[in-house]
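Below is a structure I'd like to ask you about.
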Amino acid sequence: MTRLALVALTLPFLAFLLLALVPPLRRRGRAAGLVSIAAVGGALAAALALWRVPVGAPAVGVWEWIPADAGPLVTVGLYVDPISQAMLVLVTLVALLVQVYSLAYLDEERAPALGRYYAYQSLFAFSMLGLVLAPNFVQLFVFWELVGLCSYLLIGFWYDRPAAARAAVKAFWTTRLGDVGLIIGIVLLWRATGTFDFATLFELAGGGRLPAGLALTMFLIYLGAAGKSAQFPLHVWLPDAMEGPTPVSALIHAATMVTAGVFLVTRAFQLFAAAPAVLALIAWVGAFTALLAATMACVENDIKRVLAYSTVSQLGYMMAAAGAGAPDAGFLHLLTHGVFKALLFLAAGAVVHAVGTNDIRQMGRLFRALPQTGIVFLVGTLALAGVWPLSGFFSKEAVLAGVWAAHLRVPFLMLALTAFLTAVYMFRVVLVAFFGRVEAGGHPHDAPPPMAVPLWVLAVLTLAIGARLALRGGETAHPPGWLTSLSVGLAAAGILLALLMYQVRVVSPAAVSRALAPLDFAARRRYGIDALYGALYRGLLLGFSWLIGWIDRYLVDGVLNVLSALTLRAGDRLRRIQSGQAQDYVYGVAFGLLALLIVSRLWR
Amino acid sequence: MTSPLRDLVAAVVLLNAVIGLVTYVTLLERKFAARMQSRIGPYRVGPHGLLQPIADALKLMMKEDVVPARSDRWVYNLAPLAFLLPCLLIFATIPFAPGLGLADLNIGVLFFLAVSALEIVGLFMGGWGSNNKYALLSAMRGVNQIISYELPFIFAALVPVVLSGTLRLGGIVEAQRGLWFAAWPVVGQAAFLAYLVAMIAAENRAPFDILEAESELVAGFRVEYSGMKFALIQLGEYAHVLATSYLGALLFLGGWLGPGPAWLGAVWFTGKALVVFLLVTWVRWSFVRIRVDQILAISWKLLLPATLALLLATAGWVAYRGGAGVA
Amino acid sequence: MTLETGAFWGLAAVLLASSLAVVLTRNLFHSVLYLAVAIVATGGVFLLLDAAFLFGVQLLLYAGGVVTIVVFAIMLTERLVGEGIGQTSRYLINGAVVSVAVFVGVLLFVGQAPLPAARRPLGADVTRALGELLLTRYVLAFELLAVLLVTALLGALYLARTDE
Amino acid sequence: MTLQAYVILSAAVFAIGLLGVLTRRNAIGILLGIELMLNAVNINFVAFARFNGDPAGMVFALFTIAITVAEVAVGLAIVIVIFRIRRTIDADRLDLLKG
């Protein structure tokens, strides 16, 4: 069983090594892509095979890594349980589809750049799989950072664009900020328990033998998760990360990397459960993030950014569920969301590919030009809005149920409002872009097969998962009866409002903006968070730099200048002793002899 | 016996004897040279010209003493003394017979060499003090030549020392009882030959007399000297030649060893020394002068390596024999 | 007053006077001659100390050395004949003060040092003892000295050669 | 004579030589001063050797003499080179090493 997981893990890595170490292959571009796709395809096959194996207890395979006196301090290995099985499938599936999609999407890239892209992709797949399969915190952290590195590389894939380079750096630093907390938390946890191993830790947690006072530790670990999963206030990097290629956004910023935080919380939920305060904080922050991102999504005109805010919002959902003590609901939403958000991103990519712009105000009547894309986008939108019987409906309902069951009234209300807003902004995009009055420029046409096939696969999966969930019923939570109607009602109300505003035009968007003027004003400026960070960064860093500069210029240099001046002057004085005439030195010898005589006389 | 007074008396006696001997050696040379050239030589003063040296001395003493203008007066005046003194001093160590000598030092050979080396100081003082181009050139040539031949001379003189195993002159003589070193196969003869050559060069006698070289330098470093000072220089020169002859006789010809009673020793010794002297004179009147570079080449390229090798060979042979000396 | 005492005082007087003359005479040539006197006087002191062999070595080596110095001194004047080679002293007072200070310092040092009062017997044949010491206990230094001499000879030749 | 007398004589000669080294302006004059100092050292060696009854000191004096010869040779060579280059052997003007 671990062997299958190992195959899934190593195949992308081998592909990466191949692409990294064999330049001719990498420079071939398309061939490199095929190698990478083959590898991740193999990984998907292994993951699917692994998925079919029922798992009782988590299967763990370990090898020693960091030796210590009393047994190995750290081991590496594979940790296979239902969560990692599901994540394996999700990751490899999305990765495979994205890579296939990229073949067409990045068709115009130069071959070496394409080879580089696929090398990054393979490395990312490897990293993400390693993260998912990590049996302990250290390995998890290593792959966690590798994932961060790949994210940086892929966001900055078009490194000659200043915006992309800046976004890559921003994403890197913002997530690093959380990671500092994560590694401190890991070390603190190790000090408290003496182990990094999940299995051992869960055993301790299961037996209630965890040491008390873990709140700070778990909060620090949560910080890492919050950074990766773009939780408020570390969410600012994700919208900017849309500067990368769209497939990258689909892979990293919808389906896989950003869910790592949720995955971490889910994986370590037993540990978080030992710190209820942290759990509550997670729930509150998650709900708030969901609402905040939803409002920002309502006023965003960049189609990819709308999806990005939507992702932040849905991540908030998952976190809220986890925080509310319903990690299964959150994880379910993670899976469904991973599928349909990847679908939405890839569809948006197809739209962007066809139209050549990201701005929905310059799109319109695209449904006629891109019927296939329009259909799959609509499927994704409906799923995201939570319309029965699509997958999103069930997972969202499960989340709401979980939060409600945890008696978190305010977060529940925020999440409900988010559900409503989600429907509004998603349909705003659909209506404006696909059914709007503006004529899109150029001659948009449907995507080529390598792009279309993944879209259809994902759309079908979205439907199939929904159908499966509908048939099997919600086995994870038992929502109160009114919740279903509430969900459907919220979604319907949102859709209706969007229709009224953007299709029927009964309600003027401008009037709504005016009515909610302060909110609108703030949301359009991202609530000033980015500006605040910028100001903080500038103020703190530049102020600090200025201070350092002042100290360096006047204190350090001053002392050195004084020293050097003294040295120079003293040297100039001393120099005169050296007259260059040997006889003057003989005087020195004579004085030395005299001194010796005198000393020897005094010594007696 | 060794009271200072006795030493003083002995010194005065010896000094006068030596001076007298040296005076008549000049006559001997002149006569010898004349005979070689089928002349008669000095004949007017005294029977067979026997009083000629005394007449010469009187003449020189009465001649005007000329001091060149702008000469280095002190140096000029002291040079003859500085030249003569070492030449006479070396006689102090020569034992003319067993017990007949001022001091038989246990480093006799070395003393002889060391003191005779002082001679060049006087020589150079004369050349410099005269304030004369030729005199100075002559003096510099002399320094060159004497320093060059000092080493071969020392090496040659050391061969008997090694053979006898002592630096004491008396000891060296005693070691030759039975066989003179000059008669020793190969080693002794080669050393004696080298000694003669080095001696001629070190005494600046023809054919090594470039520092006099009448055709080039008029009369060498003593060109400006006249009167008594000239006489002193001549005296010193002949005294040095005679002393070296004595040393040669002592080192190679068995010194005072000879048939007859012990008091005859001094006579034998002087006779042998005169033989050496005549050998040198014979060479002097037989060969032409050679060039400066040839002189230096002979010393550094031939004589020095040869004598060094000879000395080493001698030392090796003595070591092989298992010790030196009379026993 | 024994002969040795008298000889010592005489030699000491000659040595000191000629040394002073070496240092103070304005004529370099005279300086060198005075040095010759000083060297001979030193040799005399060696004789007083029963080191006859050293006396011989001293005369033999220094006589050549001194005259060589003269020759070079003359070469360097660039004139074969002429006035004496002038040389002057500088800071004579300073030098005198320092020298006298060193002398006094040594005197004070010697004054308190425990020195042997009388001569100890030196053995019958000093020269033989010297030779044996040279070739046994100090043979390494002796050989090194030979190396030094050769090196100095070559070095002097190299330095003084004319560039062709 | 006592050893003190010889040592004092030696010290005096040494001081005189030092005076010459310190005050002479002519490089050859300085060399002469050095010769004097070495002579003084030799007197000391021999005197101590004699009074201690140990010929080792005389061996050292021998070494000193030989080394002096080497020193004179090299020193004069240096003087010649200096003269050739600077046309002077006035020690006051030989200050290329001035700091």
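As written, the chain order gives the labels A, B, C and D, with residue 1 at the start of each chain.
Here is the rule we use: a residue touches a chain if its C-beta (ideal position, glycine included) is under 8 Å from a C-beta of that chain, and two chains touch if they have at least 3 such contacts.
What you see is a predicted model; the values in this text were computed from it and never measured.
Taken together, subunit C and subunit D share the touching chains A. When chain centres are taken as C-alpha averages, the shortest distance to the whole-protein C-alpha average belongs to D.
Chain pairs A-C and B-C differ in how many C-beta pairs they share in contact, with the greater number at B-C. Across the assembly, the mean Cα position most removed from that of subunit A is the one of B. If each chain is reduced to the centroid of its CA atoms, subunit A and subunit C end up 93 Å from each other.
Separating the centre of subunit B from that of subunit D, both taken as means of CA atoms, is a distance of 33 Å. Computed centre separation for the pair subunit A/subunit B is 113 angstrom, with centres defined by C-alpha atoms.
Each chain gets one centre point, the mean of its Cα atoms, and the points for subunit B and subunit C are 27 Å apart. Of all residues in subunit C, those touching 2 or more other chains are 53, 57-58, 68, 94, 98-99, 102, 106, listed in ascending order. Residue positions 18, 22-24, 92 of subunit D are each in touch with at least two other chains. Taken chain by chain, the contacts fit none of the simple shapes, being neither an open path, a ring, a star, nor a full set of pairwise contacts. Every pair of chains in contact is given here: A-C, A-D, B-C, C-D. On the subunit A side of its complex with subunit D, the touching residues are 574-583, 586-587, 590. Across the complex, subunit B meets subunit C through its residues 4, 70, 72, 74-75, 105-107, 110-111, 113-115, 117-118, 120-121, 124-125, 128, 131-133, 136-137, 140, 143, 147, 150, 167.
Put simply, subunit A touches subunit C in their complex at residues 587, 590-591, 593-594, 597-598, 600-601, 604.
Contacts from subunit D toward subunit A in the complex involve residues 18, 21-24, 30, 91-92, 94-99. Against subunit D, the residues of subunit C that register as touching in their complex are 4-5, 8, 12, 15-16, 19-20, 22-23, 28, 31-32, 35, 38-39, 42, 45-46, 48-51, 53-54, 57-58, 61-62, 65, 68-69, 72-73, 75-76, 87-92, 94-96, 98-100, 102-103, 106-107, 110-111, 115-123, 126, 129-130, 133-134, 137-138, 141, 145, 148-149, 151-153, 155-160.
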